[in-house]
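Sharing a structure, written as structure tokens. Questions coming.
First chain written, first letter: the chains are A, B, C and D, and each begins at residue 1.
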Amino acid sequence: MEQNNGRQEPVLTGWRRRGHEIIFEAETPAGRAFDVGLIGAILASVIVVMLESVAVVRARHGAFLYALEWGFTILFTIEYVLRLWCVGRPWRYATSFFGIIDLLAVLPTYLSVLLPGTQYLLVLRLLRILRVFRVLKLVQYLSEAHLLAKALQASRRKITVFLFAVLTLVVIFGSLMYLIEGPAHGFTSIPRSIYWAIVTLTTVGYGDIAPQTNLGQALAAMIMILGYGVIAVPTGIVTVELSRATHTVSTRACPACGADGHDADAVFCKYCGTHL
Amino acid sequence: MEQNNGRQEPVLTGWRRRGHEIIFEAETPAGRAFDVGLIGAILASVIVVMLESVAVVRARHGAFLYALEWGFTILFTIEYVLRLWCVGRPWRYATSFFGIIDLLAVLPTYLSVLLPGTQYLLVLRLLRILRVFRVLKLVQYLSEAHLLAKALQASRRKITVFLFAVLTLVVIFGSLMYLIEGPAHGFTSIPRSIYWAIVTLTTVGYGDIAPQTNLGQALAAMIMILGYGVIAVPTGIVTVELSRATHTVSTRACPACGADGHDADAVFCKYCGTHL
Amino acid sequence: MEQNNGRQEPVLTGWRRRGHEIIFEAETPAGRAFDVGLIGAILASVIVVMLESVAVVRARHGAFLYALEWGFTILFTIEYVLRLWCVGRPWRYATSFFGIIDLLAVLPTYLSVLLPGTQYLLVLRLLRILRVFRVLKLVQYLSEAHLLAKALQASRRKITVFLFAVLTLVVIFGSLMYLIEGPAHGFTSIPRSIYWAIVTLTTVGYGDIAPQTNLGQALAAMIMILGYGVIAVPTGIVTVELSRATHTVSTRACPACGADGHDADAVFCKYCGTHL
Amino acid sequence: MEQNNGRQEPVLTGWRRRGHEIIFEAETPAGRAFDVGLIGAILASVIVVMLESVAVVRARHGAFLYALEWGFTILFTIEYVLRLWCVGRPWRYATSFFGIIDLLAVLPTYLSVLLPGTQYLLVLRLLRILRVFRVLKLVQYLSEAHLLAKALQASRRKITVFLFAVLTLVVIFGSLMYLIEGPAHGFTSIPRSIYWAIVTLTTVGYGDIAPQTNLGQALAAMIMILGYGVIAVPTGIVTVELSRATHTVSTRACPACGADGHDADAVFCKYCGTHL
């Protein structure tokens, strides 16, 4: 999937061919075992990173987790080098989506020697699990994901227009609330008021900042009802596009003019009038 | 419904047959009376469990509620034994969905002698009320529930893909917020930051943990708008599947003109008038 | 609308007829003026009740507002008596929806002499404004409201099944959280834990009660994601029913068998095969 | 777009014609450069206003930001005067939507000399960016925005009915909560209780006011479940209207067989093959 983008692959021989089979392919038993083991290692390493961030656990098992983290990093580094070695076009792999993710999955540990804290970025390793769909032959899931992606892409423009409208509203409402409530009630600046407007419009409602004057509460109530109604718009957009993507238009082509896209109940070609 | 899964039932005679009629069937007046009484007992026992958890009520009526709880438990235990006795295949009943629920509905009281506190699990008795649909001949409700279940099952894969995407997002955003805000602002560990990210993305927004730095609030605003838009996806999925499950189009094609898309109740082709 | 439910109305004469025209009908200029004035009086009286509840305003204008409230109540009482007098069937009016609302719109003031505080129930007067749709000839709004009501009624059973499922979930999750978090963390009883579960599942999220243990937060996260996905179900139900209610099925009836409900593109009756 | 509303425009000559080309049109390179520069200036000026509201930034760079603000205001004032001068019908421009926005974009600065604080209204300048759609030839986005606007307009009446129902509910629930909880628990007046009811029904849930009595929490739970279900209504409305607006079915009927429901691009009847 990652390499077969049209051009002829260089022919691999000997160990490199064997390594390519194991690491990049999932059909052979060895390749499948490798992939399942890899997923286990990724999940384990993400859990190690999470545990390390918990103060109580770090205090007790810090050294052990630190060692594990380095162990996983060295393992993934070796794997990355092997991938580079046994792939036909190393550069193309290194610059592909999964190639970059594979690199980002090891860099933070090395970086954390210089900049403490960056090792938490290792959770990006989780993105490597996207391979799970390829490995476990979840082809049907892939097609469902593709359907969702298609519907989201088709609604791209409508959602851009919608987001632009929401952002304009949020800036204007945020500034108004800054004028009405002011720094005394937690609305310390326009950017912070805009943050509050987003928290309110999206119905999250933390309550860390809340209007206290009558006018402010009246305006807030308006924003809430607006946000409550406005959520209907992206839902409507996605539903219509999903419905269209799911809808199965007849695949018959007209025998005379070759046009397709006929309705399922069409008897004659709608373009040239020939009987289908 | 619980027994008629294909194989021939053993023929019951005498008291066992009479008991089976009363306990398992709802057509006879006795069976119906038994079922209505059972539902009343279940609701009453769940309310007793709830009341017992309220400190003020327990202080005043604790002994009485405790006695009631044991009374209901003994009643349901007798009922469970009777069910085992008068059913044709006791083992099949005991391992069926309702058989397990019936057992779970009495176990916690006995368990609470050893492990105090477990008696609150008695609210699981509520699941027994699912029988209400069978008892009260709410067949239409059952078919509606079936329709909903069908639509949810059809959208199973899409929702799995969606949940996987949401979980990945939440882990990555949670880790980023842990780096940005840190333990000083309540983000004490990555798991807790992930909890915060879920609280925010789902627009629940408790406010027990809230970002306080500018960068953290900006990222939080992004997650909110994302969560606000992302809710459109499951809604779209379920709507499309429900629409498909509700729409009952026949798959018959007309033998004369080959047209399809006929309604389920059509007798003649709506295009050429031929008998289907 | 309120009287023409099939039976022949008694013939009114003289003043009673004139009063009926003014009070119950909206076609004549006098009737229209009466209705518009009535709506103004209702809105004004509701605003008076609201203002009276504000401590600052009550301290300053309490006596004036109290007088206004009694003024409106006496006005509406006279109107109610007039309605009873000039309507053909007083009892039928008194027991109709609007008749009861008209009575509830005056009772609280008289009741407040005995039970202070009940005068705030006067906001029920707002329901009288539902007449606005009839008065202002907002027939199209009425038909839209009818469409919405039809769609909601059609989805009645599905929504009942859905609500039953949500309530069962909420009771079980609430009890689990009571066991996990306990009274120390604000989950003081099972009913209160159920309240928390509803606050969380519906994504309201006050934050007055929030889980503090790791296990509690993990369970809470599950409830949130569930609630986030589950909201798709009522939306899907209502959308499908609205779509069906809006969908314009052909109104043609078959000339041979009289059946209707044909698709817009049908050429032959789907029941008897006659050409439409 | 702003001037071509039917009547013949006066013919402009010389500098005025040249200015009109640059300022009002976007086809020529000069006009395009002017518009892109204008968008940059608008965004920059809005950011200046936002930054000025942040106390830390104002303390350090206050004088500089103040100068920038006046600079932008003078720039936009010159632009406004130029627009008036080089447009064919100055009055029509001044009273058009964009003419008013252009004026509102400069007034607050002058006003802030008399009334400090009003300069924050300068964020209204953001509305000027709506021109971006015209400038960047985002015609497809415009048509998508038009589609959304059409769907929202078609659902206008249903949404009015829905909002009226929601407001009535919120007033009645707010008053009930005022009676149940009272000023002691934060429900200090009916208007504030209505604010709480809106915060709850829209699932925002700040938590600044939260019910504390058992009865209050039970009523709040009902409002939440209601709000959770009620959100399905606007979503359903918008989805159905969007679906209808997106679906472009021709209203032509076939001259031979009378069938309709043809696609907008159909040339021949899909049922009988006749030329439409």
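In this text, a residue touches a chain if its C-beta (ideal position, glycine included) is under 8 Å from a C-beta of that chain, and two chains touch if they have at least 3 such contacts.
Everything numeric in this text was worked out from a predicted model, so none of it was measured.
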Both-way neighbours, i.e. chains that touch chain D and touch chain B: A, C
Between C-D and A-C, the pair joined by more C-beta contacts: C-D
From chain D, the most remote chain by mean C-alpha position: B
Same-residue or different-residue interface between chain A and chain B, half as cut-off: different
Angle of the C-alpha superposing rotation, chain B to chain C, to the nearest 5 degrees: 90
Chain C and chain D: spacing of chain centres that average the CA atoms, whole Å: 30
Averaged-CA centre spacing for the pair chain C and chain A, given as whole angstrom: 42
Two or more partner chains touched - positions in chain A: 191, 194, 203-207, 231, 235, 237, 239, 243, 265, 267
Contact footprint of chain A on chain B as seen in their complex: 157-158, 160-162, 168, 171-172, 175, 178-179, 183, 188-191, 194, 200, 203-207, 210, 214, 217-218, 220-221, 224-225, 227-229, 231-233, 235-237, 239-240, 243-244, 257-261, 271
Chain D-facing residues of chain C, complex: 46, 49-50, 53-55, 117-118, 120-121, 123-124, 126-127, 129, 140-141, 144-145, 147-148, 151-152, 159, 163, 166, 191-192, 194-195, 198-199, 201-208, 231, 234-235, 237-239, 241-243, 246, 264-265, 267
Contacting residues of chain C [partner chain A, same complex]: 203-207, 235, 239, 265
